[in-house]
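Shared between the two complexes below is chain A, which pairs with chain B and chain C, respectively.
This part shows the complex of A and B:
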């Protein structure tokens, strides 16, 4: 069937296009990490995937940004290596706003690499104004940035290369949801006309959904181990997902606990519909009420649109489709296997 | 579904409970024993723990109170109802009766628990409302699940594994609302949680109506 080939193509594409392209150049850290106002500092910025030697030092621009208006430009800029840049900054005596300290963003604009940003790179502490070196905040300096359009993924601090897990972890939940919806639809159809075929389908979709749920949890735990420091942090979404999987384990126990298959099938179908209705608050309402480590946690547990750039979309949407089709393929095999087994066991086909 | 029929079925539930007083006494004793066990196990109960333990007591008491609603009536009697009434009235009567039963139980549990372990509730009207909402939610979910579980052989185990995941959204919202009533967390927008809870109840009660006929017929 064409959609099975499509799922293979899409998954191969997901694996290749998700793992091979490099990340955009980024800044991992600057040294020193804090300074007093009114100082002259020599700042080194360490890059990731960057090619600073690729163009002249005079074409590279380096700013420390206070807010969208106030920034400082680097004075003497030297390229030490592909991944190291040194610049001198004269820090003004006063902060533009109130407050005793501020975190400045480091922004490097490179003609070939494009622009990269490290939020909160340098902590600026209000020093005693004994040494008064004159310098003022520049207004509206950060402009004419080089935006490079190529097939690279965004560089994000904390998650770095693990951003590629987006194409594996998130589609699992999409596939799970599609499969569970298919399972409920088949349960409803079974209740309406009582043909065992629909019960087989409902069970197979639920089984495959459960498989994707486990895979989603495992890929999530791998990611959490890297980004949050430990695989399980009792995040509300982790807990709710675990409970959602319990619902479907209960469904299989219920289905198996009857001597007459038809009675079990009917009650399991009823429970499937009932449990699915409770799955919606479990996955979509409750996580909104509690704090979560997941992106876009407060107010919106879904994937925020700002978390994806256009390159990621090119891999992410095919990945969802590919994994979901694979899920339906597995479920289809399961249905056919069950049909044969029932035929052998002389259960009504 | 007729109102008269509903009232008659409700009356039947009360009569049944009244004639089998040992069952009701059993549940009351269950609640009391549980409160004392909890109290003796953790003499000094902080408000946060009070909140959690209270809802666990109510949860277990509810599940034990509701599980019998279908188990106690034999297959023969179910067949008798089948000829007399319609499934919607039957499930509605059971849900209403169990709501009242659970409300009485949870108020009793609250009274005794407050007496023994102290009463940290700061906003009594809100807490009473939460008790009412809790009784309603528990009653809807447990009554329906007990109808499923009663059909199976190991109904007690099945009742627990089927209902705990389903009840969790209701339970978490209730605990959160009651934490607000205890002033453990500050939240002025708790009305939204109440609306969520009522929405979940509405979905579950609608599904109970639609799906109960399929459980009922044999």
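This part shows the complex of A and C:
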């Protein structure tokens, strides 16, 4: 069928378009990582995917930003290599705000690479000497940034290249959702007219959905190990997802525990409706009510404009469709198998 | 199915530890790109495992049919 070919095409596209484009240039770290106010420091910034030699040092701009208003501009800027910049900063004696220390953002604007930012790059500690260099914070320095439009994915600290997991880990959950919806629709149909075919479909969709759920959980654990530090940190999203999957595991135990298939099918169908009703709060509502490491946890839907830019959307949406169609394809195989088995068993009886 | 699930879980939990041995952390090199490779592999292995399971059930059914005909 055409949609099976479409799923293959979309998944191939997802793998190619998800893996081949580079990340936008970023700053991995600056050295030194902390300084006293009133100091003159020579700061080195290390880039990722950057091509600093690609343009003249005088066209590159480098700031240390205190907040959206206050910033410092680099005085002497030298390009040491494609991935290393060196600049001199004169740190003012006083901080613009109150507090004994502050974390300054490093911002580099390159005519060809575009702008890159490292939040909290340099820790600035209030020094004790009151009279030294007389530099002051610049107001509204960070402007006229170069925004480069090309097919690249955003650079994010800690995550780096693993941002591409968005096209593989996340669609698992979309596929799960579509399959479980199909499952509950068929369960309701079965309850309304008692045809065994609908029960077969409901069971097959739930089973395939569960497969995608397990894959989503396991891939999430692998990703979490490198983004959050450990595979299982008892995060609310992880816990509630595990509960949701267990609810669906119980659906199959319930089905299997009846000798008469008709009776088991009816009870399983009722259970499926309740399982689906619990799925939505478990996956989408409760995790948003507590602090979570998972994106989209703090009130806003996951993959708002903060997590997903327009380039990523070009791969992400086809990925969802591709993986979901693959899920329905596999579920279709499962349904056809069950139909056959039921036929053979009826001959035997 | 259980065995495959165990294998997948094992891969997700213990593989990072095995990979991290030695001075260099293989998975964290080159911008953590191998995390993506690992995720794709896990999905591939998981889906193939499920297909193998369906195939085994089919084989069993075929044998049953054959015995009936004889």
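General observations
Just so it is clear, the second predicted complex is superposed on the first by the 339 of 349 C-alpha atoms of A that agree within 3 Å, B and C clash if a C-alpha of one lies under 4 Å from a C-alpha of the other, contacts with A are read in each partner's own complex, and residues count from 1 in each chain.
The rule is simple: contacts are C-beta pairs under 8 Å (C-beta built on N, C-alpha and C of every residue); 3 or more make two chains touch, one makes a residue touch a chain.
Note that the coordinates shown come from a computational prediction; the quantities given were computed from them, not determined experimentally.
In the three-chain model built by superposing on chain A, chain B fits alongside chain C with no clash.
When the two complexes are overlaid on their common chain A, residue A:233 makes contact with neither chain B nor chain C. By the document's definition of touching, of the two partners only chain B reaches A:244; chain C does not. Of the two partner chains, chain C is the only one touched by A:23; chain B is not. Contacts of A:169 after superposition on the shared chain: chain C is touched, whereas chain B is not. Residue contacts after overlaying the shared chain place A:101 against neither chain B nor chain C. When the two structures are aligned on the shared chain, A:159 is found in touch with chain C, with no touch to chain B.
Comparing chain B with chain C, the partner in contact with more residues of chain A is C. One geometric descriptor of the composite model is the angle centred on chain A: between the Cα centres of chain B and chain C it reads 80 degrees, in steps of 10. When the shared chain is aligned, chain C comes close enough to touch A:222, but chain B does not.
Aligning both complexes on chain A leaves chain B and chain C separated at their closest CA atoms by 18 Å.
With the contact threshold set out at the top, not one residue of chain A is in contact with chain B in one structure and with chain C in the other. Considering their complex, residues 5, 8-9, 11-13, 15-16, 27-28, 30-33, 35-36, 38-40, 42-43, 46-47, 50-51, 54, 57-58, 61, 64-65, 68 of chain C touch chain A. Chain B contributes residues 141, 144-145, 148, 151-154, 158, 161-162, 164-166, 168-169, 172-173, 176, 193, 196, 200, 203-204, 207-208, 211, 214-215, 218 to its touches with chain A in the complex. The touching residues of chain A, when paired with chain C in their complex, are 15, 19, 23, 48, 159-162, 164-165, 168-169, 172, 208, 211, 214-215, 218-219, 221-223, 225-226, 231, 326, 330, 333-334, 337, 340-341, 344, 347-348. Note for the complex: chain A touches chain B at residues 191, 243-244, 246-247, 249-250, 253-254, 257-258, 263, 266-267, 269-271, 273-275, 277-278, 280-282, 285-286, 289.
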